[in-house]
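First chain A sits with chain B, and in the next complex the same chain sits with chain C.
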Partner chain A sequence: MKKALLALLAALMAFAFVSCGGKEEAAEVAKVKEPVEFRLNNGAEPESLDPHLIQGVPEHRIYEALFEGLIIYNYEDASPLPGVAESWEASNGGTTYTFKIRKGLVWTDGVKIDAHTVVDSWIRMLDPATGSNYAWFPNMFIKGAEAFNSGEAGADSVQIRAIDDMTFQMDLLGPLPYVIGALAHYSFGIVPMHAIEKYGNDWTKPENFVGNGPFILESWVPQDKITVVPNEKYWDAEAVKLDRVVYLPIEDQNTSHNMYLNGEIDWDTTAPQDQIEQIQFRDDYHATPQLGTYYYVFQNEKKPFDDPRVRKALSMGFNRKNLVEKITKAGQIPAYSMVPDMAGYPATSGNYEDINQAKKLLAEAGYPGGEGFPAFEILYNTSEGHKKIAEYIQSEWKNNLGVNVTLLNQEWATYLSTRNMGDFQVARAGWIGDYQDPNTFLDMFISGTPMNGGKYSNPKYDELISKAATMADGPERMSVLAQAEKIFIEEDMGVMPIYYYVTINMIDLNKWGGFSFNVLDTHPPKDIYLKK
Partner chain B sequence: MSDNKVKNTNKHEAVNEFNQTLKGESLTADAWKRLKKNKMSMFGLVMVALYALLASLAPILPIHAYDRQILDHQYLPPSLTKTAGELMIERQIDLIGRLMAKEKRSEMNEAEKERIAQMEYDVDHQTMVIDGKEILVHKMRYLLGTDDLGRDMLSRIIYGGQVSMAIGLIGTITSVIIGIVIGAIAGYVGGKVDYFISRFIEVMYGLPYMLLVIILMAIFGKNIFNLFIALSVVSWLTTARVMRGQIMSLKNSVFVEAARSMGASPGRIIFKHLVPNTLGIIIVYATLRVPAFIMLESFLSFLGLGVSAPYASWGSLIQDSMQGMTNFPWRLIWPAFAMALFLFSMNFLGDGLRDAFDPQSKNRV
Partner chain C sequence: MTKYILKRFLGMIPTLLIITTVAFIIMRIAPGGPFDRERAIPPAVQANIEAKYHLDEPLIKQYFRYLGGIIRGDFGPSYKYKDQTVTDLISNSLPHSLLLGTLALMAATFFGVLAGIIAALNQNTWLDYTAMSIAVFGVSVPAFVIGPVLMLIFAMKLKILPTSGWITGPDGWKTVLMPLIALSMSYFASIARLSRSSVLEVIRSDYVRTAKAKGLSPTMIILKHVLKGAMLPVVSYLGIAYSGIITGSVVIEQIFRIPGLGRFFVQSSLNRDYTMIMGVIIVYSTVVILMNFLVDILYSFLDPRISYQ
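Entry: the complex of A and B
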């Protein structure tokens, strides 16, 4: 009996063993075919998916997957590559560009893309009825765009045209040497006008969505995730290696870091400041200089910030070196001017910290020792990192200048609208260059642009920036821009630069390829692949 | 025993069926006697008194300022024996150790040795002027460690307790006062007034409580004063209901009838005769409300809607500590412990009071 039982047991075990082996083999096969999913923390819930209604970095990441403009970015150094445009040439001394549109392009619903699509899309972008926050950006390039955008002229005034179905032409305000790089920006995005006409504002919903990028929208669960899958109709569909990209809107850096450590996300676009001291020793931690400035905007129209002396005093009244070394810690560089270090650009020295001078200025403005200075708020979007910086500056201002500040945090979309409307006193802001030229840091502060929430306005500054836009590339143009920045920062202190960004990315480059670090911190998902 | 008969000859003295003297005792004295027998409640009472004492004496206690940032002293662990300087050097050595492990070397290089030496020198010599006195800044001690901006956790917890307890207290008082007035009116007047007040309370109950507070905070702005108002406005409902029930059961009593027949006005009847008779229940209820308010404030702080920096409350301290919880656990543990202990004490006390004031209580002596 016992023997029989033993035999039975042995037989069972053998069977179990065999079946296990079988399963393993099956798993092996499944692994090969298993779809490659790339999950990333996008940092915030996007304001919108409509390329003409967005303005932030989280939105930009999604734009890169779902749409393609005339030009796209090279993932290695963020240099321009042909996208919808196959080739282009400049004429008229660099003020006219003619693009050949790639043949056979279609939207995801099969509708053809040609030069007329580009014209219609850009007209929509500039149409005052669209209400785009970023329309000022094309305005800085295209002849006649501003007149149409401000409602002074009709759409005919915009100097863009389809010469034939496959040739698109635009006239620029001047020989803007950085224009091709700038065209990769989402405000030059092309959109499916036929779908927009059909669905109105609902066209970005997953069931209605039409795009032309390497990926197509699969699902969008607000505050949860956005998933995209490859677009089979994309012209370069073979280059797309990922089977799905998942964008998670995690605002809490700690949560996302833990998720990264647990392998729940593959790319964390940030790291918790509290832990950088420890994390920096990891191989998958990458801190690289970025073309970006972290700064505080003063509401230039509101008292007491309408006085340049007050703005200067506040800017001089705290220690940036301590801030970057002991609080942000990732190797950020203290900023005294708006434009980060750029080749060929004579940097503005700005106003260095000088507490005594700051006190003097404050006294001159009528607030000796901070007396009588109205209590005000620092507005920032909800994030531990911003909070810590604000708390540091709050304490510095109080100790050094006797100025009392409270903190106010808002969720990203609310914060953006508050800031654009100018409904704040001092607000945190960050600017990542849209292309590699000082102009990208300066032209948004000319009077009346929607991004100029601080309502900075100086006719001399406006004039210089517009003048630079008409000049050919070279040291002269750079010096005009530098002159403008000098007025903006040194004389007026329109905003208060704090530090130049370092981008922090956590990604295992032994596992993922097609990912590289560049000053624009742009990482098109088109190029990312799983290393075998 | 036989003496009793002799003693109780005075016929004005109350006697029981065995002819023993009965000494009249007020309800509160009786309750207090019973409360004293309840060990947990007494523990709660002592703890609450201790907390109140610490919080109110905070400005004169020998602790660091709660908002003084010393960036060199970020994230120091709690220590009874070591000074800030010693802890800083220890951590630097640890960090260098990690770097050495990454670069696979076993000895510090010159620059690192120099950095340590420099730190050692600084620890012994760097001074800072605090409250008019020049002190060696790195010789300071932090019993409960420091936070992300180098602020003393102990003093932040004490000052945070001030805010949390004030919210608990003020919130309770305002909500109880509103509740008593409205509940008493509804209960005493009855009829249409009662009907409308009751329906109003029910509608308010139907609204999501938390959402209402958040909306109020969003509309009126984020500061401590508005937080008090928002909390009190939405939390008087239960008090009002309890009060209404009590008044209704009392309003037909003989003593009310007597007062009415003597021409007392409804206001006098409510506030002189009825309300004092319900105070026992209200006190118990209020004690149990305090922790609820503290929890609520903590929750709001946790969502970032509570007190704003540099002030702290227990809730905001806990929220701040969530980042880096694994690396710096003391930032979470101490405020959480302080808050938990207070809430426990308050609940024990409330429970004890309920038993003490309840005439049907099993613990009756």
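Entry: the complex of A and C
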């Protein structure tokens, strides 16, 4: 009996051992096959997935997964890489570009992509009936685009063409050497006209969706999440390593930070402002200089701001270093010029803090010790961050220059309307460059342009910016742009730069590769992979 | 009664029409527009967009175009979320807000009435003080404080609940708990205080004394006599509370990532998403009117002295 029991026990143990081993093996297999999911806080619900109707950062992140234009961004430094275009060359002094379209490209539904697709897509972008917000961007480059977009001429006025099935050509308004980088922008996106014609406004719904990017839309639950999975028909499908990307529109910074800490998301595209001081010492906190400037606009036509001495005095009259170290705290860089640091561009030295010089200038303008200087307002859009900055500048101007300032906040849409109408004295503004060239920061201050709410106007400046637009790439063109900025900032102080933006990202780079930080804050999901 | 219900029902139409008209006017007086961005766009581009959405037409024509759309059940395209219509957005998000709001109000009512009765029956004892302290806490601490604190305790420290999200996956019910508590807290508090004071009032009334004199058991008295009378103020509060709880969930929806309608209540105005603003206003007005209507009918059942002709 005892023996029998022992034998049974031994048999049971052996069975248990064998089954254990089996389980481990199964676990091993599961581990190998486990799909890699990359989850991120996308900040907000995208306004649209249609490349020609979008205009923000959350939309850009999704665009990079679902679509590919002629050009794409290099994840390391946001420099241009061939996308749908395999190669290109410039002719006619840099005013004509000819692109070779990559062979064998298809949409996710198998329909062919060729040079005609590019032409049709861009015509749709510029068509007034599309009502694209970003139409002004292609209008800046393509010859005849503006005439078509404003309804003055037909589509045939747009100087783009398919020379043959695999060759696309465009004529530019000038040499515009930054055009190749700009083509990675979504407003130059290529769209599936056959799907748009078939489904109309519903073509971006997951069941109808057609794209040509490294990923394809899997699901879209509005306000909840968007998921994308690899597109097997993508020309470089082998390069795609993630099995799924999940975009979460998390609006509350504390919630997204908690989710990040709990491992519920892998990449947080922001961090709670009020915890920056503690968070910034973590290894996975990354603050990177961005191609963007935070500045104050002076109403150049209103007294006393019509006097450049007054504008200079105000700009010299406060300490930017203290501002970024004690108020904004996230690693922003004090700005003395409108254009942030850019390779090949000789930066303008600007007007540094100099309280004595500021007082002197103010006295020369007729306000010794701030006496008689009319009280004025700083306008900003309602936000705790903008308020703190305005309060700091207010106290500095009061203490250093004896100038009295009050603060006025308005909610976003009201503020934009007030600013665009020029109905302010000093207003906050910010600008993030669309492409890596000084021009993106300078051309908007040409006299009479819609963005120039401060009504800055100097014919010499206008002339230099227009001249640069006709010049080929090279140091000479850069020096003309720098001359223009010198007039705009150093001599005229048309606007008052305060700091250069930084982008904040939280991601564990020991875990994730193919992710780098660049001035455009662009991180194509095509390149991201899980480190072993 | 049927006549009354029909009359009230038809009365909703002019009320809604007035609300729609006033909202339309106020909205269009507000500075700024739905397509304004940091970069001011050239007038020609702006004109294209306005033409696409008929915003270039005279205001009166736009108004009638909109009304015509509503009659056909078409709330128009959203100017902000361009791939979706207002009808899509509302029908996707309203159920979440209704679910959360209904659950929260049910919890608040159940626990609120319970706490109120216990407090009233044990007036000036530790039970009363405890219940009322919780109520005072609930009234004074806003949801945007309770929410993150709950998240900190249950998701970050104890790690027994997910930080946020809304009913997805097998553990979906877990995501409901924190927003439910955060949202119902202040309603619980009001209902507890309301029912305590009305129970106190009713138990001193003559008909309760009669019931006692007849020799009914205390439980029977509470359930059959006190509760019915004491619920009148609570029921009238519930009407307002329900409309408040589904419109007032904006903060909770943001903190816990709930894809509800509450966020549109504020966001659409800030975005100047005209059609969405109108859609949200019409939906919420309808809910408010319907709730008031329902409360009035409930009244007549609770209090036989009230009758409607």
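Methods note: the second predicted complex is superposed on the first by the 326 of 532 C-alpha atoms of A that agree within 3 Å, B and C clash if a C-alpha of one lies under 4 Å from a C-alpha of the other, contacts with A are read in each partner's own complex, and residues count from 1 in each chain.
Criterion: a residue touches a chain if its C-beta (ideal position, glycine included) is under 8 Å from a C-beta of that chain, and two chains touch if they have at least 3 such contacts.
None of these values were measured; they are calculated from a predicted model.
Colleague: One more residue to check, A:Val158. First (chain B), second (chain C), both or neither?
Modeller: The answer is neither, since A:Val158 touches no partner chain.
Colleague: Classify the contacts of A:Met338 with the two partner chains as first (chain B alone), second (chain C alone), both, or neither.
Modeller: Neither: A:Met338 stays clear of chain B and chain C.
Colleague: Classify the contacts of A:Asn254 with the two partner chains as first (chain B alone), second (chain C alone), both, or neither.
Modeller: A:Asn254 sits against chain B and chain C alike.
Colleague: So, A:Glu264: does it touch chain B (first), chain C (second), both, or neither?
Modeller: So A:Glu264 only meets chain C here.
Colleague: Is A:Pro128 in contact with chain B, with chain C, with both, or with neither (first, second, both, neither)?
Modeller: In the superposition, A:Pro128 contacts chain C only.
Colleague: Check the contacts made with chain A and report whether chain B or chain C touches more of its residues.
Modeller: Of chain B and chain C, C contacts more residues of chain A.
Colleague: Look at A:Glu47 in the shared chain and tell me whether it touches chain B only, chain C only, both, or neither; answer first, second, both or neither.
Modeller: A:Glu47: touches chain C, not chain B.
Colleague: May I ask you to decide whether A:Thr406 touches chain B, chain C, both, or neither, giving the answer as first, second, both or neither?
Modeller: A:Thr406 contacts chain B only, not chain C.
Colleague: Please identify the positions on chain A that touch both chain B and chain C, taking each partner from its own complex.
Modeller: In the superposed arrangement, which is not itself an observed complex, chain A uses residues 252, 254 for both chain B and chain C.
Colleague: Taking the touch rule as given, give the residues of chain B at its contact with chain A in the complex, in rising order.
Modeller: Where chain B meets chain A, its residues are 67, 69, 71-72, 74-75, 95, 98-99, 101-102, 148-149, 222-223, 304, 308-310, 320, 322-325, 327-328.
Colleague: Using the touch definition from the top, list the residues of chain A that touch chain B in their complex.
Modeller: 252-254, 272-275, 277-278, 281, 322, 326-327, 382, 384, 387-388, 390-392, 394-395, 406-409
Colleague: Provide the residue numbers of chain A that touch chain C in the complex, in ascending order.
Modeller: Residues in contact with chain C: 45, 47-50, 53, 55, 128-133, 135-136, 139, 146, 149-151, 201-202, 204-205, 221-224, 248, 250-252, 254-255, 258-259, 261-262, 264, 411-418, 420, 429-431, 444, 450-451, 453.
Colleague: In the complex, go through chain C and note every residue touching chain A.
Modeller: Residues 30-33, 35-45, 47-49, 51-53, 77, 80-84, 88-89, 92-93, 148, 151-152, 155-156, 159, 162-164, 166, 168, 254-257, 259-260, 263, 270-272.
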